[in-house]
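Each in structure tokens, the structures are laid out below.
Each of the next two complexes has chain A plus one other chain: chain B in the first, chain C in the second.
Here is the complex of A and B:
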């Protein structure tokens, strides 16, 4: 699972989806069975692709996810970029490319702050299936 | 005609084998290509589109989509079947891959944030059946093929949930492509969705043996 995907998912327990705490899910507590494992996976760099992703990002949530995964390099707010192909923007777009697209969460777990349910990621695939007693 | 993605690596004991319904999907998406490309040509303000496929199976539809219909997109897909989740990623990679494709193992789109999807692709379990398998029994037996096919009453049990939640999941410019068989009563569905404010169009149909399959487009 790419780091950016954490920006598109939330707790799948129905009662949590009505609360703001269902998002983002948190990486701050990992388990011994499925320890957090990150990997770098090369992806072709396209400045426009990253530039066009920016409007899709919930930036405060991304900051939380990145920090919990050990990255404190992000600016506090969405970078304001006018021309993705201008040389002065290349570094920030490359950094975002590395963080959002090339950072694979191979395994680990994500926790809902509201209900504390743990969602495991294995083989880069997060599992949002709920045990029977949590399905309404 | 664009070539069908290669699926020679797929184990069809574990994952739904691409069949006439899948191929109809590919053929009709090809006819929708200019509509889709035009609709999502400007990514600078609204951002890059997200394409979600429900029930990925082999991953052939998403792979075809990123290769030939809309390469510049974020691709997400879901399946309850863990073998399908892995296989769909492999199919994408085996056919040159794309910049962004992640798979969630989940029931329909549980766990996905609301207001996320620009293009929805759904070849559902559409075959009418007395009962619908539960994923808990499939987890126990590790047998997923019926689950990919059987759709409960009128074959609409899963599709109905998707249609009922479409408003929450799709973004403003969203467009959903959903396959129906004749016994799903697609004309009735189209009318109900039109009443709910969706613009609905049958983009094509094909008679396959005793069945008539059609794909419908739902847009805002």
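Here is the complex of A and C:
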């Protein structure tokens, strides 16, 4: 799962989606049988896509996720970009591209802060199927 | 031929064997590609959008989203075997194992658009005695609405069993707050009729969706005579030919003007 997607998924439990705690899911508790594993995967660079999606990235949530994954290097606020094709913006767009689209969470677990349900990620696919007692 | 939906739950029906068979059939590849192109055609999206593909399976529909307009997509599916095939094929989209009937697990405003090709009819079936299709449809459309940005658009091609299922699906979409309706392609051919549920979240004019155009014309007949050549084509060649044809044809049925007789063509 890309970091981009991690910035949009929330807990699937109906009672949780009504609370602000259902997002973001947290990477702060990992288990020994599915240890956290990240990888870099090349993706074609599209400045336009980054530019389009940037206003909808929840930056505070991204900071939390990055920190939980061991990255403390992000700026505190959303970078401001006026023209995606201006040469002076290329580096920041490339950095965002690498962060959001090329960083893959290969395996690990995500925790809902409200219900504490753990969503496991294996083979880079998070499992959002809920056990019977959580389906409403 | 019996409907897959009535034989077994989706994650059972789309077993390892069936998933491989499904994905490697060039006939299926062509049909899924064509319907995805048609869905995109109806949505008339700007390039570089963030899209969700519901019931993405092995990625036959999603791949088109990457090729056409450089969209970035996330696919969700309930069948681990289908997703395994998608992984093997190295599709560009992110993948999620999830049941659409339990809700779309994304925060508000996540997507510019949503497509679903040949999947949502599964919601009309109760696979266990605790599954209530009505509740699952409601949960599906409610969370779908929330996951879209305001003005976001949806195109779902689906295979309704009968008019009742069409009504059921349209009703649930409307209750969730969507505007839109149904586009039926190839209406005259009962067996090949294609249903596209076209929705918008929030108030935008229908001009934002591409529903202009003419009815099936002579180009259509010409297409059928070229059936022989079709066999040798790669999917890519096929797609290019289809796109060319669609452009020439100027699209199909308009939503409002062509739809009369509520019983047979329900809309809202």
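The criterion applied here is as follows: the second predicted complex is superposed on the first by the 136 of 136 C-alpha atoms of A that agree within 3 Å, B and C clash if a C-alpha of one lies under 4 Å from a C-alpha of the other, contacts with A are read in each partner's own complex, and residues count from 1 in each chain.
In this text, a contact is a pair of C-beta atoms (placed from the backbone, for glycine too) under 8 Å apart; a residue touches a chain by one contact, two chains touch by 3 or more.
Keep in mind that what you see is a predicted model, and the values were worked out from it rather than measured.
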item	value
Overlay on chain A: chain C relative to chain B, clash or fit	clash
Touched partner set for A:129, first chain B, second chain C, both or neither	both
Partner chain in contact with A:27 - chain B first, chain C second, else both or neither	neither
Contacts of A:9 with chain B and chain C, given as first, second, both or neither	both
Chain B versus chain C as contact partner of A:55, first or second or both or neither	first
Shared chain A contacts, counted only where both chain B and chain C touch the same residue	1-2, 4-5, 8-12, 17, 23, 43, 46, 48-49, 52-53, 56, 101, 123-130, 132
Chain C-facing residues of chain A, complex	1-2, 4-5, 8-12, 14, 17, 22-23, 43, 46, 48-49, 52-53, 56, 58, 101, 123-130, 132, 135
Parts of chain B lying in touch with chain A, wherever the complex brings them together	43-48, 50, 72, 74, 76, 80, 82, 85-86, 89, 99-100, 102-107, 110-114, 116, 135-136, 139
Interface residues, chain A side, partner chain B - complex	1-2, 4-5, 8-12, 17, 23, 43-44, 46, 48-49, 51-56, 101, 119, 123-130, 132
Chain A-facing residues of chain C, complex	47-50, 70, 72, 74, 76, 78, 83-84, 87, 92, 94-99, 102-103, 105-107, 109-110, 112, 130, 139, 143, 149
